[in-house]
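Note that the chains take the letters A, B, C and D in the order they are written out, and that residue 1 is the start of every chain.
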């Protein structure tokens, strides 16, 4: 019992410290901290709609978090989630626009498949180069994030530009839109897909032989070959699955939330997802929890801005402090600095 | 003789394990002290304490009569203690010279004076008769050379007390012999050498004094002149080592055939050169050879981890060349790899997960779900059968001592009635108790009709276990010998390539 | 229906109580406040309404296009009667949310959505830009003028096309150099692009690039003979004397008008045009550059303005072409 | 051509300094994605201190100091609390954007942008005789930070390859156990490198806001921290390589502007340095491969 109390004490204390720092700043901004924090929490969890919004904000993060976690499990640090998400989102939008007229039952799966496919193809470029030429995959992913943003912006501004003044595609067909649970929230069927994915991945990772083999792959390549796996190929396959999930994140944003592809729409969804994967130590349930935590900060933050005089910037300052503090407490896995390995090896 | 080192009442407790329990040792200048003991007896812990890597929970250390306390290895170094770790501490990409000087660089205004460094190291190398190519990256040296590099590194730091943790575990007999010459030279120069090893004949060769540890305590101290290998082993294990199992007569029937296998590495050099061989059922074929002659590649080709460019592999008459590793596991080829820490086991995993590794299919039920109940029962039975020292199969395998970890691998690889067991260095770094258990188990397998391909750098092991001995030289098998009729010296000639048979008579028996 | 649910939602939130003050929420674009451009100027108008009309106001700064929906819903939930969203990407949001929240009024700018509770201000940016282009051509000694856009997008090109036509109206030979930086937040690049245009001969540069445009002003400040033209709000003060004028659309007034109409109960849905004719767009007073520009040129500008108002000069509106 | 050179040189320092910052941490095994945020804070600090003291150098020094402290904080979270570097970086970058905006509001009641005549620019170095030389003219009147950055590149290259610290840095990234057992505190080496990357970012930020421009605007680093990282990676984690990588990006920037006039979409042109980088790594991997084959 005492152990549990002690284990819980540290995170609680750090969160309290963060809140205290924030309180000083909030007072400085001429608001009552109690009111501001009240709205933050109330906005995130206090009302039905607040909860829906929190979950809506969490949805893309669940996807990106899972994508990052899954790849990390097999020892491929997929820092390219952000780029894959862009490609997936654009693909979903393009299909949603140009294949309009099909019934929803056909169109939605088609859009999602396109998103996953394109995202996988994009990820397979570095994946394959790494497999064949042993070029450091991390470096390629990193560059390809910027490339994806530029490339999709070009496409959304050129060949696929929609009838809108911004760099964006046209609106996807109504039939391609994911079902929404309430008119008061962006929360859509994508969340159910995310939850299902969490459940499936949890099951696969914890219970099945496939999960067992994935872990082997990530822990020790030679060992995994020794126990009968084609390590290189298998890792490539899992990376493909990870990229599919990144693509799903993009599809959800387009089909569920925005209705079309906007250039540069992702506000670091990929990187935040990676952080979530790391915080959760690659556990799918942990990903769900931390995604909701980030979603709550986000949706509660919006309401806090609307309901008080606290500037939105301050909320972000608090959010970043919280991320740091919480991660300092939760990251308990064995630590080794991740070496930026030289290309090749 | 003056005492260079005294460790008194050292105690170190890890959780519930008393790794060192009131341990006292001492050593004089110019003395070679060997510490022996079972796996997990606390030898490495004691040395880590001495080198400032771990802080003891109690006890004192005196260097040259003065009491000291170390907060880091830097402190230990300052008191002229140097350590060569079992797993070398080298930066593979840096040159040997840089590896030697790091942390104690001769420098003018922080700019490294390479000339001065070189002069100093050259002088040292001359003095102790050890040479390495200073400009080469450390990673390109052979294991023996790397060890020399480590010793030079220690000497460069001016160490008077030099600790060697299992220095011979990965050395060839030649390299070992060379090392011992170096050790004697160091002792002659007034250095204190403390060496940990599991090889008792080596202890008899090189030690001035021997300390025996068991369960974290010193249980005996002796001199080579006052004892023999048997006496040492009894002192170590605390009981008689059980005798070797009887060999039964078995039917000679081909199990494994390797036909003209050629295998080139990335640089295009043929590491296996049109190699052919046969292993019969109920036979242990020992492969002797100096390391670097293609033994690991042979094991990998047979077990399906390496695709040969030419040649065929047959098992029970069936061509399995195209079978990948997974298929070969199903075919009944099991493999005890030479490197248990990086190949044979996943150190982050539990004993249970390691117990089913490679055979996970057998524990998989509907929906691809692993049957944990079955796995647990299996693990328990393995732990019992092999007397693996652990309170619980769900603990990480890294909590086991090296010998027990090796037992887990042997247990797993022999559990499912394999047709063929490829055992590479099955007892490296393992204490004699465990060695005897593993050896006996292999004989038992043989008696049951399993074919065993044994690859070992220890001639003792080869002689003790093999029904026939093949010698490997430059990717080929150059001799097929009967252990009862051949001497070590003769095998040595084959191993060094000075002698070779024209054609091997695999069918003779 | 939506209405009932909505009041329920509002009640649940406990904010919209019996308070009969009009509550206005302004939702910025992703750039947020501090663009010294239309977000800022809108917010000024909203704040003026707070003081003069006594309405209650609040502000949301979404970080991404994907946050638009959530922002609107948060605004509705905190009891807003009027929601202002002046970004170009708001067409979608209005299409969707105006219908869902029929009891809330919405105000937009330059977008094509239509709804019973939505008023869209259409500012004739191209007309203002035409004047700017004409002024640039008058002031240019090299016969080359430049413009720098944040992104190669229609809402930016609408300005640029007007500017180009204005310059050509004065001097058919004029060369108009166009460049897109690819970012709205990179003043360093904005400056670099200006210097490049200057190197190619341009001596007046019109910026339509939000934060990036700050770099254009900086370039004008440091280089003799180089002048800049601002956009959206009166930016002339940023570098006194070197910013010839700014193409203002006075979003502040637009916002103020909308808020007032809600308070007075005179809110009209549909489009409301803000153009040169009704003073909704135009150039600034040019208080720092009046003397530099000279009476004659100012007179010419007035003439052109009249001609545009009378329809004698037709300025291309690329929105209309679509 | 001269225009392109001019642009390339002027946009080089922030990329190069960030690249060096990325390089030095990469050398000890850390991919520091927080460069972006640190640079932004540096830009902000430089402007503020410059404004209040009227000295550009005071601003520069303050930026270096503040960013070094940020580097220290990064290092503490990374090395002491063992937080993953990506998480810290995400938090840092978010923090930087928000805190600068917030403080702008607190100090000046504005947000978004801050410019004032009181902000002094860092001096430029005039090399009179260069004015006569055609192409080299582009090197005249560049900010002092440009030359500083080049000097720092040379110094870092020397330090890493020739000095004791350099040996410790090189070894730490490759095998910290070896370093520790050799009596060098690898963690301390890491601390120093992360702090150093902070100072470099501080300098980069100060250049951006008080050398290149004389203002601070929201998020004005616009991805230069990431580009710097990529430059150092392309440059194989050497100082000279970081220079080459940043030159690749800064030249593209110059060329982008030129080519745009011919109607090329700017996004496609901006892809060029990445494609070039890909070509470089693929070519070198292939070469390595064929060299191995050739040896056979």
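Remarks
The definition used in the following text is that a contact is a pair of C-beta atoms (placed from the backbone, for glycine too) under 8 Å apart; a residue touches a chain by one contact, two chains touch by 3 or more.
Keep in mind it's a predicted model, so treat the numbers as computed, not measured.
The chains that touch both chain A and chain B are D. Centrality annotation: A (chain centre taken as mean Cα position, compared with the mean over all protein Cα atoms).
Comparing the CA-atom centres of all chains against that of chain D, the greatest distance is found for B. When chain pairs are compared by contacting C-beta pairs, A-D ranks highest.
Chain A and chain D have CA centres that are 28 Å apart.
As a whole-number value, the distance joining the C-alpha centres of chain B and chain C reads 76 Å. Distance between chain B and chain D, defined via averaged C-alpha coordinates, is recorded as 47 Å. In this assembly, the C-alpha centroid of chain C lies 35 Å from the C-alpha centroid of chain D.
Annotation for chain D: residues 101, 111, 265, 267, 270 touch two or more other chains. Each of the following residues of chain C touches two or more other chains: 32, 152.
Looking at chain A, one finds that residues 157 touch two or more other chains.
Applying the touch definition to all chain combinations yields A-B, A-C, A-D, B-D, C-D.
Against chain C, the residues of chain A that register as touching in their complex are 43, 47-49, 53, 56-57, 60, 157, 163-168, 171, 183-186, 253, 257-260, 262, 265-267, 298-299, 302-303, 305-307, 312. Across the complex, chain B is touched by residues 204, 207-210, 212-213, 215-216, 219-220, 222-223, 225-230, 334 of chain A.
Those residues of chain B that touch chain D in the complex are listed here as 53, 72-74, 77, 83, 85, 89-94, 98-99, 101-105, 107, 110-112, 153, 157, 264, 266-269. Every residue of chain D that touches chain B in the complex is listed here, in rising order: 162-165, 167-168, 170-171, 174-175, 177-185, 292-293, 295-296. Residues 3, 6-7, 10-11, 14, 101, 104, 110-113, 115, 208, 212-215, 217-220, 222, 253, 257-258, 260-261, 265-267, 270 of chain D are the ones touching chain C in the complex.
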